[in-house]
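Both of the next two complexes hold chain A, though its partner changes from chain B to chain C.
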Partner chain A sequence: MASVALTHLDPASRAAARGWSDLTIRNMFIIPTLVFLIVFNIFPLIYSLGYSFTNFAANRSEPWQFVGLQNYRELLTDDHIWSNFVITAKYVIVSVAGQMIVGFGLALLLNRSFPMKGLITTLLLLPMMMSAAVVGLFWQLLYSPSWGPINYVFGLGDFAWLSNPDSALYAVAITDIWMWSPFVMLLSLAGLSAVPQHLYEAAAIDRASWWYTFTRITLPLVSPILLIALIFRTMEAFKTFDIAYTMTTQPTAELIAIRLYKQAFQQWDTGKSCALAYIVLIMVLAITNLYVKYLNKVKER
Partner chain B sequence: MAAVRTSSEVALNRIAIVAVLIATLIFLAPIYWIASTAFKPKELAVSVPPTVLFEPEVTPFVRLFTKRVQMQKTVDPQVYEAAPWWEKRIYDGGERVLKVGKDVQLSQYPDRFMNSLIVAVISTVLAVGMGTFTAYGFSRFKIAGEADLLFFILSTRMLPPVVVAIPMFLMYRAVGLNDSHIGLIILYVAFNLSFSVWLMKGFMDEIPKEYEEAALVDGYTRMQAFFKIVLPEAATGIAATAVFCFITAWNEYAFALIMTNRRAQTAPPFIPSQIGSGLPDWTTIAAGTFLFLLPVAIFTFLLRNHLLRGVTFGAIRK
Partner chain C sequence: MRKIVTSVIAGIGLALACGTSVRAQDKELTIFWAEWDPANYLQELVNDYTAETGVKVTVQTTPWPDFQTKAFTEFNAHGDAYDMVVGDSQWLGAGSTQGHYVDLTDFFNQHKLTDVMAPATIKYYAEYPGGSGKYWAIPLEGDAIGWSYRKDWFEDPKEKEAFKAKYGYDLDIPKTYAQLRDIAEFFHRPDQKRYGVAIYTDNSYDAMAMGVESAIFSYGGDLGDYATYKVDGITNSKEAIAGLDMYKELYKFTPPGWGKTFFVEDNQAITGGLAAMSMNFFAFFPPLVNKATNPYADVTGFFANPAGPDGKRFAALGGQGISVVSYSKNKDEAMKFLEWFIKDETQKKWAELGGYTCSQAVLKSEAFQNATPYNKAFYDTMFMVKDFWATPEYAEVLDQLNQNIYPFVVGGKGTAQEALDKTASDWKATFTKYNRYK
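So, the complex of A and B:
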């Protein structure tokens, strides 16, 4: 009898009648993840928001006091913090611009068929799969003023890349460009391969110049994906910690994340570092929002 | 493309291919330098001019795995003759392998490597497991505010690790999870989960709903359909996601630096800490780095077809 009645229902409802309902399954599948993320991401942030209004120091047992907005006021008027932000901005601009140029350039070169293309593309992706801390460590040897291969190859004598205040930040940026250009290359290649071939054929029939084809067909069609690469890399470069931290101790290369680390775990200025973390967080969220906005735009196409 | 190519086009193509080869060599040079330094005799690592061609040896790897002491005087010829080949290598370098009784003392590297392995594997299994279920939920059922929830999940990955690390450090200290495997695993699961959900949702969306519906008609429950039909279909996606999560956890530095110092320390903070002051032994550091990079290099080759999706959270399909 029951089976006769069930055949009138759609498959999902019939399955539900045999086991858990879809609603139960949905909740079972989704809620644990959401709870986990709230407990280990959102809750700590609320916790640190509380601390950001205190003069709490994690290495002392003295009672802490509520200081209101004092931490924020001090941070926002601190010239050192501003110089850390300026250094970070410089770093983001140099390294992201470098990655976009090198990465897109490589993609343009690779966007044709030739033997061993797959192997070469994969080899080019290796740098970005490595641990940034270990990469940073090893580039110290490459940059070494006395026996580093870089100075030898380029005939730079004993130029001290990492201990020279003027060059330390750029030396880190070069390493970052080496590491992450492949990412831009990968995205650009996907964008380039999606350009319809018939557009190029039409341009060839019209005897359009290479430059004309590039600026009128290739660039406009690849630009959405380049934009994604740009936002993605900007966000990551803004957060950079490991690569710079293992490469140099120069104050001129002290990115905001390194400053934050030192304030929290070397000076043990916990309350203030929580406040700084919040300032950084708001900036990252602003970039993230940009990213998601453009991502949705591109997806709609 | 037009079937007939002008000679200038052919020439341009050749130039481009040569340029690609040169660029590839430049990009791979630093990796070659790491790999080659790992097989160099100690004095060649810091030679001027830098050595490109040399007779490879495995002494740096022996040094990586054994504790050594600098020798005060020349070694007793009898002891030298009795020593195994790898100890002789160390003797030749003016060092002696440290022993307690007959046992060779291991350096800390094997421990740190194991810690990396334990933390990366367990956190990957958990992140991919939870991510697969959640992605299925998002892919197949109607959820109020789905876009907002997915954005929330993604946003957890956008936070700079140092920002999350400060409160987590305090909380871990309060409950005694500092310098423990479990503490690090929890952090890496939290870090990788968003990625796992986004990537798996992309793979789930591509499995036709009709497959499960057919199974439901055949009398399967929804859970049976999920385990017997959907999961096997998603196997490649799960494997790709797992490798990405593994690589991220394997390479992670900031959390490991802050949350561990001895017992649960992983290799990324350990390798740089070996530099110390004075003249670092680059061959041993290179050997440690080389071993550490090896799994990632292998996975990169296995993953090459999924790379684009992986690095963009599955937002872009190839």
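So, the complex of A and C:
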């Protein structure tokens, strides 16, 4: 009889009637999340930090030894690693700048009414829905000097994009731009649609030029969201692995994530690879913090 | 009541009988190998073992690029997913010293396998350290670098005439690397979408290293002294430098964009009618004689790696031995399987299916050498093979070689001398780090 009566109550009241307080319900959701986070994120993070100070190798049965900062010292004085960082920095700059320009440009084009706008927007979003490894293999074919359409369209003859040490990195960056510009476009579109229309109307009444409207109204109001896109894409570009790994084996395109993979899973230098992962993490955090500081300044304006 | 009791007892008896029978059939062995034709042949072969013994044997495969990572991840976890592994020859050091492989020395001696298997296969697929008499694998799939070529291009009278006029000797299967280079240059006609030669250039694992090794060894060079770990003056000897220079020279005559190529692309160079000659491991040649996969099957020929300037002739070793994984729960069953595998009739069947047996008797037989258009070249090659370092830190050493030779060969950066000097210096540092110098 009591259970029948309970069904007429709203969920919160039903829970209260059963003796579940708000705190109990909250804990039911938060505790599993916390446990999951600790077991799968925090614990491995601390554990791997510990490994980074040892000579632990996952493929050796002998016990590991504490080596202090030796792994960090060796990595930071290794020319190969620095070369990987320089390659990664170049890649991040080219790839993220390209995505910001192409993505924001597309958003400006789409921020108006025209036939089949919805369909075109959806089609433009498709690249970022695909698996990065598939995109890498797909673009490897597009770049093929023998049968790829890119050289044919641009009249580049036998130019070997991915075998050429000077172009391999840029070829990978172009692929990344193709894949992730839609993400920037999506965020930019959200920002652009939030700009109050009356500002544009006022500018039109004042006969302000397109450039003036863009630099004084559009860009300042959209810049916080553009900075968020920039943060996300920089972090992602810094740890790019799959696209580059599937497309080329050129050492000039060996990003730090690929070096980390080789160190950890081909050479089984576990301790050192943990140290390298922490160096990468610190670098990403430092760059992100710089962005966040700038973002806060922009918001304060 | 008696009927009920009798029925219950009979039921229990029947259930037990079925259970026992199921357990007998439950015996199962898993062999881990890379995904390629020989693994399919092996599965076909081991089905006979299942028919004879009732023990189900599964050959589990994974694509080549994941093979090493997947195998060692399982080893490092001391996992028992695989009872046996057909591991690469360079894994021997890591597999044996790190406790992943079962010591097969007694088995080897008991069955006198040193007299049964081809010497090179014992040296490179089974024994570690070299010359120690300790064995960790049974040679299973012999393999080495060989070459396929377009017989119709080579035998065309007009081409022969033009070649003779240009180079002053007859166009034929190259006997030396210098001739191979001339032929590659002769047939390299990008305007006709015809190219001279296809070689390995992928540096993500051992493809390019194996291709380069073949040239270095034939030029009289070596990668180092595998017993003392001495590298200075060996890795960067003038012979090794000349071999690397020749490999770089050959790269000039490859199809465009030939910068990340391994066995798939090198076979495609022949099946697609792209190149006059193509390097590949013998185990990848079966599709080239199959009309369904190669429209030029009738006009595709094969030859063994040519000699260097001093007539020395070697080839990089591929192939694998089969090892019992020390974490397997079916080690005894695995040993019984190996006893069956080394039998003469099993080895004969293995060769008939397309596997590259390492049994001397089968290799030497007329039947084997005439079974395919490339078996004779394979037989010749298996007596002139050399391998890469099998030291436990081989992956680090391989990566260093790739890092140094790839920019030179594919990127055109620096010189062969610089690439091998750097390799010698990197290897010395690595071997010092692992206390290899006593």
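In this section, the second predicted complex is superposed on the first by the 267 of 301 C-alpha atoms of A that agree within 3 Å, B and C clash if a C-alpha of one lies under 4 Å from a C-alpha of the other, contacts with A are read in each partner's own complex, and residues count from 1 in each chain.
As a working rule, contacts are C-beta pairs under 8 Å (C-beta built on N, C-alpha and C of every residue); 3 or more make two chains touch, one makes a residue touch a chain.
The model shown is predicted, which means the values in this text are computed figures rather than measured ones.
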(request) In the overlay, answer first, second, both or neither for which of chain B and chain C A:Ser146 touches. (result) both
(request) State whether A:Phe265 touches chain B only (first), chain C only (second), both chains, or neither. (result) both
(message) If we overlay the two complexes on their shared chain A, which of chain B and chain C does A:Val284 touch? Say first, second, both or neither.
(response) first
(request) In the overlay, answer first, second, both or neither for which of chain B and chain C A:Gly19 touches. (result) first
(message) For A:Tyr294, using the defined touch cut-off, is the partner it touches chain B, chain C, both, or neither? Pick first, second, both or neither.
(response) neither
(message) Which chain, chain B or chain C, ends up touching more residues of chain A in the combined arrangement?
(response) B
(request) Check whether A:Phe214 is in contact with chain B, with chain C, with both or with neither, and answer first, second, both or neither. (result) neither
(request) Look at A:Trp64 in the shared chain and tell me whether it touches chain B only, chain C only, both, or neither; answer first, second, both or neither. (result) neither
(message) Contact-wise, after the overlay, does A:Ala204 reach chain B, chain C, both or neither (first, second, both, neither)?
(response) first
(message) Taking the stated contact definition, name every residue in chain A that is touched by chain B in one complex and by chain C in the other, in rising order.
(response) 58, 140, 144, 146, 265
(message) Could you list, by residue number, the parts of chain C that touch chain A in their complex?
(response) 68-69, 72-73, 75-76, 94, 98-99, 190, 193, 201-204, 255-260, 274, 393, 395-396, 399, 402-403, 406-407, 410-413
(message) Under the stated contact criterion, what part of chain B meets chain A in this complex?
(response) 1-2, 13, 16-17, 19-21, 23-24, 27-31, 33-34, 37, 45-50, 130-131, 133-134, 136-138, 140-141, 143, 149, 151-156, 158-171, 173, 186-187, 189-190, 193-194, 197, 213, 216-217, 219-226, 247, 250-254, 257-258, 268-269, 271-272, 275, 282, 285-286, 289, 292-293, 296-297, 299-301, 304, 307-308, 311-312, 315-316, 318
(request) Flag every residue of chain A that touches chain B in the complex, lowest number first. (result) 11-12, 14-16, 18-20, 22, 25-26, 28-30, 32-34, 36-37, 40-42, 44-45, 47-48, 51, 58, 106, 109-110, 112, 114, 118, 120-134, 136-142, 144, 146-149, 152, 178, 181-183, 186-187, 190, 197, 200-201, 204, 225, 228, 232, 235, 238-239, 241-242, 246, 257, 260-261, 264-265, 270, 273-274, 277, 280-281, 284-285, 288, 292, 295, 299
(message) Which residues of chain A touch chain C once you look at their complex with the stated criterion?
(response) 58-61, 80, 140, 143-146, 158-165, 245, 248-252, 262, 265-269
